[in-house]
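Think of it as A, B, C and D in the order they're written, each chain with its own count starting at 1.
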Amino acid sequence: MREAIRRALQEEMRRDEDVFVMGEEVAYWQGTHRVTRGFLEEFGARRVRDTPISEMAIGGAAVGAALAGLRPVAEFMTINFAFLALDAIANHAAKVRYFFDGMFKAPLVYRAASGWGNQATASHSHAPEPIFAHFPGIYVGCPSNSLDAYGMLKTSIRDDNPVLFTESIALYPKPSPMPEDLDADYLIPIGKGDIKREGADVTLVAYARGVDWALQAARILARDGVEAEVVDLRWLRPLDMQLVYDSFKKTNRCVIVEESLPLYSFGGEIAASLQENMFDYMDAPIKRVAAEDVPLPYSKDIELLALPDAQKVVAAVKEIL
Amino acid sequence: MREAIRRALQEEMRRDEDVFVMGEEVAYWQGTHRVTRGFLEEFGARRVRDTPISEMAIGGAAVGAALAGLRPVAEFMTINFAFLALDAIANHAAKVRYFFDGMFKAPLVYRAASGWGNQATASHSHAPEPIFAHFPGIYVGCPSNSLDAYGMLKTSIRDDNPVLFTESIALYPKPSPMPEDLDADYLIPIGKGDIKREGADVTLVAYARGVDWALQAARILARDGVEAEVVDLRWLRPLDMQLVYDSFKKTNRCVIVEESLPLYSFGGEIAASLQENMFDYMDAPIKRVAAEDVPLPYSKDIELLALPDAQKVVAAVKEIL
Amino acid sequence: MLLDWHRQMTLIRQFEETCHQLYEAKRITGVYMHLYSGHEASGVGSMAALRKSDHVITAYRDHGIALILGMDPKAVMAEMMGKKTGSSGGKGGSMHLASKDHNFWGGYAIVGGHLPLAAGIALEARYRGKDDVTMTYVGDGATNNGYFHESLNMSAIWDLPVVWIIENNGYGMGTEVERASGQIELHRKAEAYGIKSFGRVDAQNALEVYAVASKAVDYARRQGPAVIEHVTYRYRGHGVSDKQYDARDDMSAELKEWMETREPIKILRDCIESKHGDVGETLAQHEAEAKAIVADAVKFAEASDLPSTYDDLLRNTYVGSELVYKTESSVGAGID
Amino acid sequence: MLLDWHRQMTLIRQFEETCHQLYEAKRITGVYMHLYSGHEASGVGSMAALRKSDHVITAYRDHGIALILGMDPKAVMAEMMGKKTGSSGGKGGSMHLASKDHNFWGGYAIVGGHLPLAAGIALEARYRGKDDVTMTYVGDGATNNGYFHESLNMSAIWDLPVVWIIENNGYGMGTEVERASGQIELHRKAEAYGIKSFGRVDAQNALEVYAVASKAVDYARRQGPAVIEHVTYRYRGHGVSDKQYDARDDMSAELKEWMETREPIKILRDCIESKHGDVGETLAQHEAEAKAIVADAVKFAEASDLPSTYDDLLRNTYVGSELVYKTESSVGAGID
């Protein structure tokens, strides 16, 4: 997925002189996750800007630059550091248009590597997209494969609203199909989910890395003749709930999969909406698979115990068949 | 509720020399919400400490002081400003014990005035308790009346774990019953919810100011012969779900009430757990009443449109009867 | 120029005192309103050093800034009352005034939150090779917040054309500078960023303010960020819900002294007269004008409607996206 | 004393280089491990100025600090491998070393996040009227973060006994100090807080470090916060997953020069010899000891078990509360 994101960003910077990149280590270091590899050489220090370790300023300067007419793509090295920018993101980027009743717009993208499972320890082990998606005024996009990442990032950059775009660290090295003749204007609409696998027996709702686990689980379940439909919401705000409802009408069963902590999170929101709107279609309780509810540890075996995986999804499905 | 909180804090400071208060305007200004009125005079500048406008330092210094053996009660003037301390709260206070596998403890309390509806405008209009309660390692308490506030704050101060304790601004001036002979060791266990009203027809689940709306709604519904049971969870972490389940087994219907924004929030978590664990008892979809999903405005009439109230709760109940 | 300054300062004072009365009379509601009375020379003198294409941003104590820039007092007063005709359509209120036409970016309520925005706005000028300056007002209390540190440092390493004006009115709410900041000469905080400081200015004297601001603006235009400390005072306490003057005699005594000895409008008037001789009539006329303008504004505001529909509530949460999205194309080779 | 310093520095170097090899050999896993090689004199010289009851806190580059304090290399190495026998039970890893017995509060991974903790720890001393000092290490890059600003200011207004040691190793990851900070003499940031600066020290020379640290510690004990800038260098790049040396020739040339001309262990050895004449044997013995100690530590660590149960995972999220809760009592008069 890394290459697709890099390509989308690179093409958008070539297309639009107002698009620029700022963040820690994005320039000389070539990007901590190598997404901006080669950018400094191609676009120069004016458009590829290393920042100090100043997340509050990164978050807020992106808003100011966007207000003034640029299209910043500001990178948080990892989403954990964006906690320091919650106020800049939720109270400024997301609200600056509303404060002044539409006088301004803030066309910016915050990019952040997200996820855990690599012994990064508790303070560096989060996939907190739902926390940021709690706040209206910003969009939140979380791709699960290369093509989606490409189309979603392009849309995010071209859209006139602020977008938080997270990239699952575990997906960076994963190859996934891209069309030979990929259209440089390939855009995935904001808020448009996607069916990643069709099936009539159970609906698996996920996003980002969760889609991987859901698809693996679907393959395992297929061996027992259980056909799972995998709904990739792709955006946590706005939510494409209609897509989930349509699938659920067919399957009447659902398991929600996420990399995040379990409480006040994605699974809760989706399950609540489903039972509220699809009550008559419910044949079984809706299940949630998420991280264990603990700060996450360094030691690898217990970290894996805490991490969701395909087996946990399969087990949850079996409980409701 | 203000007086009860003030009294609890004052008694704990008299009882334990290690308990002290720090925050913006808590001393000379007598507390923005007057909760620490008279404290500077009684306890002196050593134990009642005005801080600069430095939420990151307030959040983190409380952790350090607690590690070293004190029992800080750190005030965020309003919960909105605690966004700037999310990292200190969620990544340090909540995790410092886990990082080192129990070597340290951080017995501290963060107090914060929470809630909206007074034309405070978007950046100052939040009741984001569920966002903070997402993170394990800290407890979150949100009282709905004077006696609960008194007992919950005392418990929070005496407990050896970090606690985020929020106080609904709208409840500060509200009088509510206190026992004549109130025991100075009156403590409400962490994670213990409370039935605020009994009823067999529908369960209203709420906390803090939401309990007020639920109780008002219950009185209105009673006129039509509908008896609502009001479950006040009191703590968002840990959650007393058993109390909710027991009520739901009786009523088979539920509406969840909160002052917060609707997505990825309290209603979602409670509804999801309910349908997951009480599926066989569900006679109707579980409904959620929360703020409208917008940054909140200054102008008063539209602000009231966005605010939950008893009528919205009544309407939700009627949909599922 | 001086006469025009007097006109501006008189209008601000009239506007602010009227806001105060309207709030007391509950004709303006809400909990937050922070008045610029006493600060007039700080804004008027410094903004006189700007040109039309420059940018301005401040915190919540923004009424004076808005009026100096030439925003319509009608729209500003309507905003106080949360009316549809308000400059922010009633969504922002007292703390969120702004005007695109004047490059006035607001009006922000989170202490320090607007400082990185200022850096970003100035970055746009550098990015496009323009030499427009971003004039940024920040309170003494806000200088102790992380936002201040990160924003000034960013402006330094990127040579951003920002003039950071620290409006030191002695207090952050109820906390004296001495109790909040280890460094009490606030302009010396510039040292931590290698930013050029233009020192401390008596901001009750509009001419002194102007003289220093002109140098700083010129410097920012040609080189990079500049810091100025304005020493001023707030006449109406921290905000309308601030009852500290009743509570603290020392503060009201202090206020009395400032008003008697360092009143900015009087100081300006004196030096106008020392220059142009007796202009009493003109100045009296300014006051009459100000009264009329503000009275009209109040009339206009009170006659306007409040936003009241769900549509009013939801509008402008997002920009309606005009993008045309292509449909997904077929899939081939793998890529990471 | 100097001989003991040599012993410590030799042990650190041996430990760190072994960690490096173990990581390359995938016998230590994970993504974050930041080595203290090259920094030895900074920690050894400054901590020699402390007494037992003083406090120490640092960021993630914490192995050397832990060893200087006397933590058992076995437990530290076991922590690298995430073992049950590790000093943090395998929960914290390389970035989260700590020891209650040594008043060592950790080991933190969020840049700047430990700085307000340091202020809070020092506050406890002031609160109880003790004169224990909190020695706090912070990187050059971290000085640009809001945490640094708010924490140093708080230490200033409260006269907290903190010695803020800025370990300036020239880089924050791949960013040179010059590109990250408007003020490149980092000790001068103290000016923004009215904190006493003890200036910039050649931190490859343990004796110079000790001399200045002693003054600063003494000052902090009696008066309030102090700042020192240690100029040092990292021999193993930012962290184990940092491949920049392969990528940037300028950096490896720079490294070569530091190792040849400013190697801290060699500098110490030279001045030991200039004082005590030939001590080659003793020093060689230190190296032999260090090798043995670290080899034992590795053996111990590899022989230990990994935590593996759900109970291991959940343990120590919370303190089990020992409170006895009374039942709720009956209700009477109203109160707000």
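Everything below uses one rule, namely that contacts are C-beta pairs under 8 Å (C-beta built on N, C-alpha and C of every residue); 3 or more make two chains touch, one makes a residue touch a chain.
Source: prediction; values computed, not measured.
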Q. Going by the contact rule set out at the top, which chains touch both chain A and chain D?
A. B, C
**Q.** Between B-C and A-C, the pair with more C-beta contacts
**A.** A-C
Q.
From the centre of chain D, which other chain's Cα mean sits the farthest off?
A. C
Q. If you average the CA atoms of chain B and of chain D, how far apart do the two points sit, in angstrom?
A. 38
Q. In angstrom, rounded to a whole number, how far apart do the mean CA points of chain C and chain D lie?
A. 43
Q: Please set out, as single numbers or ranges, the residues of chain B touching at least two other chains.
A: 52, 54-56, 80, 84, 87, 91-92, 98-99, 121-123, 136-137, 294-295, 297
Q) What parts of chain C, by residue number, touch at least two of the other chains? A) 88, 90-92, 96, 108, 110, 113, 144-147, 150, 153, 157, 179-181, 317
(Q) Chains as vertices, touching pairs as edges: which of line, ring, star, complete or other describes this one? (A) complete
Q: Show which residues of chain D lie in contact with chain C when the two form their complex.
A: 144-150, 152-153, 155-157, 179-184, 188-189, 191-195
Q: Using the touch rule from the top, collect the residues of chain D that touch chain B in their complex.
A: 55, 87-92, 96, 98-100, 105-108, 110, 113-125, 127, 146-147, 150-151, 153-154, 157-158, 315-319, 321-323, 325-326, 328-336
Q) Taking the complex as given, what residues does chain A use to touch chain B? A) 56, 80, 83-84, 86-87, 90-92, 94-95, 98-99, 121-123, 128, 130-131, 133-137, 236-237, 239, 261, 263-269, 271-273, 275-277, 279, 282, 284-288, 293-295, 297
Q | chain A residues within the chain D interface of the complex | A | 24-25, 28-30, 32, 50, 52-56, 80-81, 84, 118-124, 292, 294-295, 297-302, 305-306
Q | Residues on chain B engaged by chain D in the complex (per definition of touch) | A | 1-4, 7, 20, 46, 49, 51-52, 54-70, 72, 87-88, 91-92, 96-105, 107, 136-137, 139, 146-147, 151, 155, 158-161, 172-183, 185-190, 192
